[in-house]
Amino acid sequence: IMPRALGFEFGVMTPGTHNAITDVANVLVGQVTLIEGNDIRTGVTAILPHRDNIFQQKVPAAVHIGNGFGKLAGSTQIEELGNMESPIILTNTLSVAAGIEGIIEYTFSFPENDKVYSVNAVVGETNDGYLNDIRGRHVKPTHVVEAIAKAKSGPVEQGNVGAGTGTVCFGFKGGIGSSSRKLPETLGGYTVGVLVQTNFGGVLQIDGMPAGKLLDQYSFQNQLESADGSCMIIIATDAPIGERNLKRLAERGMLGLARTGGIASNGSGDYVLAFSTDPNSRISHQSRPLVLENTRYLRNDDMTALFLAAIEATEEAIINSLFAAQDMSGRDGHTVKALPIKEIRALKESLNTTNR
Amino acid sequence: IMPRALGFEFGVMTPGTHNAITDVANVLVGQVTLIEGNDIRTGVTAILPHRDNIFQQKVPAAVHIGNGFGKLAGSTQIEELGNMESPIILTNTLSVAAGIEGIIEYTFSFPENDKVYSVNAVVGETNDGYLNDIRGRHVKPTHVVEAIAKAKSGPVEQGNVGAGTGTVCFGFKGGIGSSSRKLPETLGGYTVGVLVQTNFGGVLQIDGMPAGKLLDQYSFQNQLESADGSCMIIIATDAPIGERNLKRLAERGMLGLARTGGIASNGSGDYVLAFSTDPNSRISHQSRPLVLENTRYLRNDDMTALFLAAIEATEEAIINSLFAAQDMSGRDGHTVKALPIKEIRALKESLNTTNR
Amino acid sequence: IMPRALGFEFGVMTPGTHNAITDVANVLVGQVTLIEGNDIRTGVTAILPHRDNIFQQKVPAAVHIGNGFGKLAGSTQIEELGNMESPIILTNTLSVAAGIEGIIEYTFSFPENDKVYSVNAVVGETNDGYLNDIRGRHVKPTHVVEAIAKAKSGPVEQGNVGAGTGTVCFGFKGGIGSSSRKLPETLGGYTVGVLVQTNFGGVLQIDGMPAGKLLDQYSFQNQLESADGSCMIIIATDAPIGERNLKRLAERGMLGLARTGGIASNGSGDYVLAFSTDPNSRISHQSRPLVLENTRYLRNDDMTALFLAAIEATEEAIINSLFAAQDMSGRDGHTVKALPIKEIRALKESLNTTNR
Amino acid sequence: IMPRALGFEFGVMTPGTHNAITDVANVLVGQVTLIEGNDIRTGVTAILPHRDNIFQQKVPAAVHIGNGFGKLAGSTQIEELGNMESPIILTNTLSVAAGIEGIIEYTFSFPENDKVYSVNAVVGETNDGYLNDIRGRHVKPTHVVEAIAKAKSGPVEQGNVGAGTGTVCFGFKGGIGSSSRKLPETLGGYTVGVLVQTNFGGVLQIDGMPAGKLLDQYSFQNQLESADGSCMIIIATDAPIGERNLKRLAERGMLGLARTGGIASNGSGDYVLAFSTDPNSRISHQSRPLVLENTRYLRNDDMTALFLAAIEATEEAIINSLFAAQDMSGRDGHTVKALPIKEIRALKESLNTTNR
């Protein structure tokens, strides 16, 4: 059961068809989940801006660093050039190298890339070491290629899947979450979609409801729990916007995280990556010299509705990851319980009776 | 009546004595309010890190830019040198020059500054042009000097005062707000205090309660309202932390803003400035060459509780500014209503009956 | 006599007609020089991207901070929005407020700006306090308006003029300098122009010739001289490039400074501001909502020649400021000698005999 | 034969004993060179801030991005936390993943790291694909571990070695270069050392001598040559300076590059990483909560001499890489000639006769 079924709304805008990042035209998601034996609880989530050769058809992109205690590969080239030339791979902290290798192999698999000597692989991570034998580095480049190959549109599997298989969020089982917002036509009709890998702490708040306090589980409650952890936030939109406004959009991802009670603790690697799938905004790798690029972008003045959409979709994607996750046991007998939906439902219903 | 009297709590930590930025030892606040005739609705708010000669005894400081559509003076030197050498002046957008002049005059008034040829004046602003004849530039350097001279510890006047005299927030009357958090001794016992000048839009949420929706007033509701505006956020702490961790603290100010429903719209100038008042961390202007500075700073690992405190205090300071503000009429007969506290109280009470 | 007359070449590219920033179409420069009594040695230099209403017709712009010990006003909004909406004013450190006021008054003087409540004034500075009674703040807003009014195309007055009236560079008299490069048609045929306000130290090098060492005058030589000071670098181009690539262009300004022996000392405020005058790239203040901006920009791949042009023109502009400056006496009987051109000529000629 | 033997001086300061990065106390360099068959021309260069467990004894560090068209791993965590916890590995563009894996294996090899689940591997690269079969990814994690194991103090091998085996610079054979400066005791007596991996273009200038023009080889000369390429610059110092001033030091690395004629072309990945080896500034991984870190850092005011040292040592290190390199043939029969030292000597001598 997902939060909307309980009456949670997360803002004032309307989700897209699947309430997922794949509501943004052309976006594909593929996941490989590794659950083996007692100790392997990890995986790979791949997000593609389109199904074509991404290296040859780059997309405008930007990165915002909410808290940089993390290992995101590829960020500096995205910032310098304003574009992204690979799928986005999410995995665990010690498998970033596997992610890079997998992306290189995938990129080299295109015959027209046979003269490519440089690939800016984009690989994000959070640390699933509590449930997963992370030091074993069980993610291999083949898993990365497989996740990319499986990428598809439509509903996105959430919870204990892909890169979210072993993550923990607000002391509950975290995972992969997704959500989207479709702007009214009068505001442009564009879609903003978000996918998150949740692995962080704070004081959980669900659509304003102080769940962490009500459930008596939050950081510093007894000063024993750590708020550390990380959150990867991927924001896609079909709106035609350039890298500067994509960076501003990415910055709003952290505002969405804040609304769930996230605090970007010292140990958190909170990175937001935003890209546009607008077909007219693609940047071809090869071009004739001195031919001007003809871009048609939204103006600064038209950004605010997209900002709000990104905030709302990030908030909901994070909560979705918690609702979709299940109890998980893993390394060294560690167990993490899922969010107690039944209790959440009861709390929510008691609020609803007040006509809230 | 302030929010806590209605049962709003804003997080899990405890405010300081005055629930204000002045709970941080040494911090002083002085304000000059200009309400004259039908059109002048503006003022100056001065925040001082200590009562001594700030130019000679600089303090560690950092700036985070949430959305840079604003005119904060002094930010680049703070970033380069890691310190602040003037009071912080808040005023209206077109009076930044008056703020700079006032700070220079104040700085030159110290005899021991008679060889000073450069002053990095820190002046923030938001735009009060809806209620105030902002083009008239009624704030003068003398008002700035006066606000500094009036600076004192103890309770902070909030609402329609100083730089908040003419501001608008979430469609209601905004203004100056303040709040603080005192960490438990086991987490260091430090205090974090926040002062805000609120002048922005979004979808108002009060301690999780969706006030904007319940009151039917929020951005994009009918696509007529603008979410634009700005928020200046000043964070002070007595914790001994250097400029890098102060910047991280400043970044959390935007997470606090997000919790109130702020969205950092395109037109918003959202700046956060953080400084430490720790007496041992002051940086003297003159020193003997090659003598090492002996600093004792908190480690990264000890920052998380301060981050949470900054988030909570920013959230509450913003809401406090709304509760403290009163209806205001001004330029061209424009009127802005205060937040309807009576209705808020009723909504809150209906929630309380659910034992929330 | 200017450096080229002595055989200095500063790189491999060709200057424009006037070897000045005004070689970039539409760029105008106006200067007001204040030399009064024994103590006033300062002024204002205004650079305009075009003669129209800049607020209504903004231009793409970016800022790079080489060393942020300075007071550049307007930088954060330029960075956030990617554009500039005012003339650029250069003046002395304590007259930034006057610069802001002057720009506001100039902007308000356009009838079509009568509803403007916010102006992002761009004001840079260096510290002329050695020769000028800087604490007297003799620059007034009227001087700023006057400099803007006098702005014209054609040759740029250099040396002890405008904002360079009282500056010191490499221990010699500095001032305003300018230079330009015109790309060959096969590389696009665009022009890059630079204007500098030189007030910094280091180890002077003229087109590779170690003048500082040969003249026995450089920083740390006897550990008595200060390398401190600042350099404002303004880069204009008619190439159609957006804010991200303008920022990259601005970053190259510091590489040009490095080639003169500048070291960006601790006390230096080294700021580079770059903008495009391409008429098709102007950003109108008012526009219909949701109408896409149709921009035609150069691609990343075509930037390198512009980078080289910016480096060369910055290097030459700095040296030009030294050649054009004259001996100057000022405050408290301080005197700064001009670069000894005769000696430089002799040194250069002795090199030339080697067929270099 | 190295440049100083020909009379080149590169500034006004004095090199350390070995004129290498290893003149900085505790710094170690290890290299593995892969020259196999006709196509493999690559390698690994490892730089260690000390011989102990770097993960447990981190060092203050900072990164400056001159031009971000590159794949430096680890930069964002260094920036967030202000420290570095791994050796620095330099290799080729497509072997960054191998570098990360190697660092993880090395870090895990310490028994006291047995609970480590996260390692911020620092891996820089340039693209040696012209001479090397870079797509073959011949660098393996074992090579990385081997380079670290071989790290030693004393003279640094330069030229076609380690990560510089297959690189090209200014159209000549590039490689690894190193240099250092020792400040006079009156300026603190500290040492600054630099190591570079040179693989970039521009208009070569050797200590001011326009070698590129004199040899008729430079970018855009005939618009056929590409200036693209990259430069990794590593700056070490024993001066006690924190992360903010290390970042400022790193920024000066690009000024040194500029003095050689480098232009940071569009395709260049120019990254500068600076760290302090001061034993008292190490940051232990584990510590007791809330115990203040007692740091003794140089003040801003004392930085300028270090800035100059970094500029000079970077300039000389780059030129050293060219002098030390030899002709190299590689992939697909490509050959790159070394800098013609004999001609350089002749040019230099003709200048010397002019008593320059």
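A, B, C and D label the chains in the order they appear, each numbered from 1.
As a working rule, a contact is a pair of C-beta atoms (placed from the backbone, for glycine too) under 8 Å apart; a residue touches a chain by one contact, two chains touch by 3 or more.
Treat the numbers as computed from the prediction; the structure is a model and nothing was measured.
Graph distance from chain B to chain D, where chains that touch are one step apart, equals 1.
Chain pairs A-C and A-D differ in how many C-beta pairs are in contact, and the one with more is A-D. Inter-chain centre distance (chain C to chain D, centres taken as mean C-alpha positions): 32 Å. Distance between chain centres (mean CA atoms), chain A to chain C: 44 Å. Chain centres here are Cα means. That of chain A falls 35 Å from that of chain D. Each of residues 67, 80-81, 187, 248, 300-302 in chain C touches at least two other chains. Within the complex formed with chain D, the residues of chain A that make contact are 65, 67-77, 79-81, 93-94, 96-98, 100-101, 104, 108, 116-121, 127, 129, 134-135, 137, 269, 271. Within the complex, the chain A residues that touch chain B are 11-13, 66-67, 184, 186-187, 202-203, 205, 208-210, 213-214, 218-221, 223, 227-228, 248, 251-252, 254-259, 262-267, 300-305, 307-308, 311, 350-351, 353-356.
Of all residues in chain D, those touching chain B in their complex are 80-82, 187-188, 240, 242-244, 248, 283, 287, 289-302.
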